[in-house]
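Which chain is which? They are A, B, C, D, E and F, in the order written, and residues in each are numbered from 1.
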Amino acid sequence: MVTDVLAVGAHPDDIELGCAGALLAHRARGDRIHLLVMTTGEQGPQAALSRISEQERAAEVLGATLHWGAFHDGAIPEGRPTIQAVEAVLRESGAGIVYGPAISDTHQDHRAVSAAVAAACRRSSRVMFYESPTSVGFSPSVYLDVAEHLDGKLTAIRAHTSQVLKNHLVDLEAVEAQARYHGFRARIRFAEAFEAGRFVWDLFVKGDHAGQAGIPTALEEVR
Amino acid sequence: MVTDVLAVGAHPDDIELGCAGALLAHRARGDRIHLLVMTTGEQGPQAALSRISEQERAAEVLGATLHWGAFHDGAIPEGRPTIQAVEAVLRESGAGIVYGPAISDTHQDHRAVSAAVAAACRRSSRVMFYESPTSVGFSPSVYLDVAEHLDGKLTAIRAHTSQVLKNHLVDLEAVEAQARYHGFRARIRFAEAFEAGRFVWDLFVKGDHAGQAGIPTALEEVR
Amino acid sequence: MVTDVLAVGAHPDDIELGCAGALLAHRARGDRIHLLVMTTGEQGPQAALSRISEQERAAEVLGATLHWGAFHDGAIPEGRPTIQAVEAVLRESGAGIVYGPAISDTHQDHRAVSAAVAAACRRSSRVMFYESPTSVGFSPSVYLDVAEHLDGKLTAIRAHTSQVLKNHLVDLEAVEAQARYHGFRARIRFAEAFEAGRFVWDLFVKGDHAGQAGIPTALEEVR
Amino acid sequence: MVTDVLAVGAHPDDIELGCAGALLAHRARGDRIHLLVMTTGEQGPQAALSRISEQERAAEVLGATLHWGAFHDGAIPEGRPTIQAVEAVLRESGAGIVYGPAISDTHQDHRAVSAAVAAACRRSSRVMFYESPTSVGFSPSVYLDVAEHLDGKLTAIRAHTSQVLKNHLVDLEAVEAQARYHGFRARIRFAEAFEAGRFVWDLFVKGDHAGQAGIPTALEEVR
Amino acid sequence: MVTDVLAVGAHPDDIELGCAGALLAHRARGDRIHLLVMTTGEQGPQAALSRISEQERAAEVLGATLHWGAFHDGAIPEGRPTIQAVEAVLRESGAGIVYGPAISDTHQDHRAVSAAVAAACRRSSRVMFYESPTSVGFSPSVYLDVAEHLDGKLTAIRAHTSQVLKNHLVDLEAVEAQARYHGFRARIRFAEAFEAGRFVWDLFVKGDHAGQAGIPTALEEVR
Amino acid sequence: MVTDVLAVGAHPDDIELGCAGALLAHRARGDRIHLLVMTTGEQGPQAALSRISEQERAAEVLGATLHWGAFHDGAIPEGRPTIQAVEAVLRESGAGIVYGPAISDTHQDHRAVSAAVAAACRRSSRVMFYESPTSVGFSPSVYLDVAEHLDGKLTAIRAHTSQVLKNHLVDLEAVEAQARYHGFRARIRFAEAFEAGRFVWDLFVKGDHAGQAGIPTALEEVR
């Protein structure tokens, strides 16, 4: 049985910076990966068009299906529309494991997406929050070993060429140091670290029954 | 002297799930109970009309006066209109003790109402926040003994027939387990648990002077 | 029915600095006050004898029964002997409400007494922790109005003449500022603030049944 | 490949109350279970002898190997001897997953054992802390589904007949409510909840390499 | 070399209540002070006009350059416009040290401004958050000695005559008690206390290179 | 005027791992550095003698005066003797800034030293706690720029040859990643991060009056 995994980000590159290693690890065990990117990052110092194709390349690196939200960069609303966008992909994908940005973040879009993920997943048993360059006071409790996927993660981030070149907060060296730091804390070599929104540890991995119960039916959506 | 107690909820059933036991205990000592329900919960899988009459029945069970906010289910705004709705009932009722939903919640309406209660009660000395099915990381510091009021609480929740039948997060068995769990933590049998927004413990119960000072006058409202 | 209240401190003056206002408020409603002071503070720059008589005078100001532990100043052990000393007075007094020092403190004796109070009161429903001059990161959730008892509190502290004269951390002006600061936070004038170890709010004040269940019988003591 | 799991408790019944459901789940997937009980609980209102045989029966219910520490009930030391006792069993068992009591607890023995587990496991990648009746402010981030093991857990606790009969804090009804409460929070039916001391989520479950690295060699023990 | 310091507040008087002492200390060492006040506080019980001139007088007392945001009192939006207003002054002033209101506050405008300051300063190395009368659970980690500037602070607050006379939360006595309380905690006489959003302690004070890197260029603004 | 800075560690190498960068930065501005190492680390897999000379070499690298405590590796007591050892050096050195290990640590010696530093410095205005390889949940609020001192830090750690070769938790690569990670968080390149026990930010750096008040006189020592 295949598990579906959904990662949600506000802008192109957010998912790759936050949890590309985890997604590649999921991929390695045969899980199906879905990305939901809420905006095209059109406020950055480059054409939105290039950011779209960059995100498409990154999705290829991750072997993931790419979904787009239709929100405006810098102005993702808190509340129903954002939640419904997550719910739609959650329902369509049947994802039992969801990754989103951590709530304590100085970027307004990250906070809005984090809240929307938590709301949409209010019936899910596995919701994890990843660290961003603008996270504040991030305090993880769950780690994933990404030693075999760090190169892949860096490749996925590099797909966002415009950001690597122009955005000081997209810093490949810092990404590697972060993985090494969290790895040392977790007593492995390289780790991605997550705050657990809700995390049921399934000892029998593949019987992902708990997660399935978490998918909202059309009738029970956000009110 | 009678103390007025105000409980605020986003949707029909929120107050009953969160603090019906406390309200019945207040009622038992002669306090006057006021409910403010912000929406009719019209996005749920049933007619808004039935939810209104369900809430009216629940208010009867609690012996409470029912006030309605005029907000849209799923879209309660953060900010002034919501705060002013709470202030209006706070002033009209003269409530010296206020219950609202806890701020750490995955439901956007609960967060908005929680923030509005905190803002409206910025001069109150007794503001308590209750747990919801969608609360996250709820960490209570004040408990109330609800052993004699648990049946009444379940009756009040059952008045919301549509939710008991169709909403998986309204789970009477879980409500009882929650009261037993918090009760065990508090070294009594059944308890409701609250985060204290601000809590002045009045050793002489009835001279509720501190609370009275907390009611905003028309001139000092939210700016 | 009279409620018995127990306050525990490591050294002469600790109780007065931490919760004399609360104790005087309890006294004002007819509660019986018991003090347990663990050491005679004999390491300070004055004779132990004078500190004993200072504490006796302070107990008189509070209208309280004074019990002494038999521990050494600066070397109160963590663990069974200290816990048993608290349990003995807890049982003898039948106290249903207990005050002790907060656990986050840089003074080793305060931490040891705090842990002993929490352990001895593991079946109690009302355990409150007070702030000390050496507390760190104190974050209160329950306040008591001490406006009418601030003078009495200062008088009780002044009974510890040796400390007021020689110990820079016993600072009457700072005590008053502290009460005013916490009072402002609680939206009253002067308050003492407490961290709630466990706090069941009894709406009917005098039927202190919950607390009574908290007194360990001889058979159930610390194992 | 078989994973070895170690659970550590201060007294007979601590492990069963804290994580019997998890241990039975581990057992169900073929893991080997080891118990380390630090004292015989000889200070309780019954012969130590009966508590020993009660613990032996409980270990049978769990299908676990039982190890005893040689400490005194109520007086487990913080520091090296306790840490070395855990290290010895950790090394002998080769355990890659360890369960111990949560550190925020009012019982001095629980705190001492919690600290010793954390110290002994300073190189382990999977250390989880369980809730006790005397835990305070327990805030879990990892859950295990124990729906199929709740009966087994209750059976294991019932093996401690002397405690079920005489210790008010061993309360089978409260145990069930606790599992239901945490289950509801985790969006499953019954759960055990854990604070993650360090938790590397292994997507491929059985290749428990990270944990193995955590076993101290004789040369690298506690200094 | 002169360091530029920016303080941001939602309403006239917020900055003076929160950090006038710190600003005067900065002024005393030759730093240049900039104030950004987001609204004219026009919802209060007095003419907006008088609040504008009050703020102008307060800025004079502080020796500061005054900037106004153009937002509506009580309705400062969370998100891009507010962030851009902070960014504009941040860029124009070249400020390397920024003070804003703490995020845990019951006033919606304070929260919105706090979030905007954090977002605008996402590349800054020195961002500090001050306490307000409506702050909740404020837990400072950095203190400034304001003994020599307390009179100046009270003078700056008194410039807001309309508030001192009519707003119960502007309480000069409480301001002094607050400074004395935090001072006692910091082991000095009078202190202002701050939560550190991000704080790089510069041992060589004047070479404020880290801060300079924090100023967003036009191309890198909030997306 | 020269400021004296004291760093305290449990074992040889603890100070270097925790705050060598900060100490070198202090040194660079002319501060006098004092080290207090509580044990010789004699339980490690090498002769105590070699660890002593390793620590002496590290002190030379830091340009620091070295003091030794006389405690046993793995068995540093919590309480008076440890506190008095810190107080003695604090008094002798006149240090106004003190660095010690963070309290949340799985190593018993680190916890004991952290508590002793906090107790001894109960009158100090600048006490900072550093991260160790065995720290847990470290959450810094104050950063120091160590870009120019990272090489020096690594040199100081390398002086502990026996540990670099044999102790897996002394990992130079992880040290560099840690500095880069904290640096990225602080928006500089390389940083050491500290929890602030008490931190008064002195805008005029050299007039270290606040700190001086923090030195206990002989009469006011730990009671």
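Operating definition for what follows: a contact is a pair of C-beta atoms (placed from the backbone, for glycine too) under 8 Å apart; a residue touches a chain by one contact, two chains touch by 3 or more.
Being a predicted model, the structure only gives us computed values, none of them experimental.
Enquirer: Match interface C-D to one of A-F, A-E or E-F, accepting only the pair for which over half of the contact pairs are the same residue numbers.
Expert: Interface equivalent to C-D: A-E.
Enquirer: Taking all residue numbers at the chain A to chain E contact, is the shared part over half or under half, that is, same or different?
Expert: Different, since under half the interface numbering is common to both chains.
Enquirer: Need the CA-centroid distance for the pair chain A / chain D, whole Å please.
Expert: Centre-to-centre distance between chain A and chain D: 33 Å.
Enquirer: Distance between chain C and chain E based on Cα centroids, please, to the nearest Å.
Expert: 38
Enquirer: Distance-wise, how many Å sit between the C-alpha centres of chain D and chain E, to the nearest whole number?
Expert: Computed from C-alpha means, the inter-chain centre distance equals 50 Å.
Enquirer: List, in ascending order, every residue of chain D touching at least 2 other chains.
Expert: If we look for residues of chain D contacting two or more partner chains, we find 78, 123.
Enquirer: Would you mind giving me the full set of chain pairs in touch?
Expert: A-B, A-D, A-E, A-F, B-C, B-D, B-E, C-D, C-E, C-F, D-F, E-F
Enquirer: In the complex, go through chain F and note every residue touching chain D.
Expert: Within the complex, chain F touches chain D at residues 11, 41-45, 73-75, 78, 106-109, 111, 134, 136, 166-169.
Enquirer: Would you mind writing out the residues of chain D in touch with chain F in their complex?
Expert: On the chain D side, the touching residues are 78-80, 83, 115, 118-119, 121-123, 197, 219-223.
Enquirer: Help me check something: in the complex, which residues belonging to chain A touch chain F?
Expert: Going through chain A, the ones touching chain F are 133, 137, 139, 171, 173-174, 176-178, 180-181, 184.
Enquirer: Provide the residue numbers of chain F that touch chain E in the complex, in ascending order.
Expert: Within the complex, chain F touches chain E at residues 25-26, 28-29, 123-125, 141-145, 185-188, 191, 195-196, 198-205, 210, 213-214.
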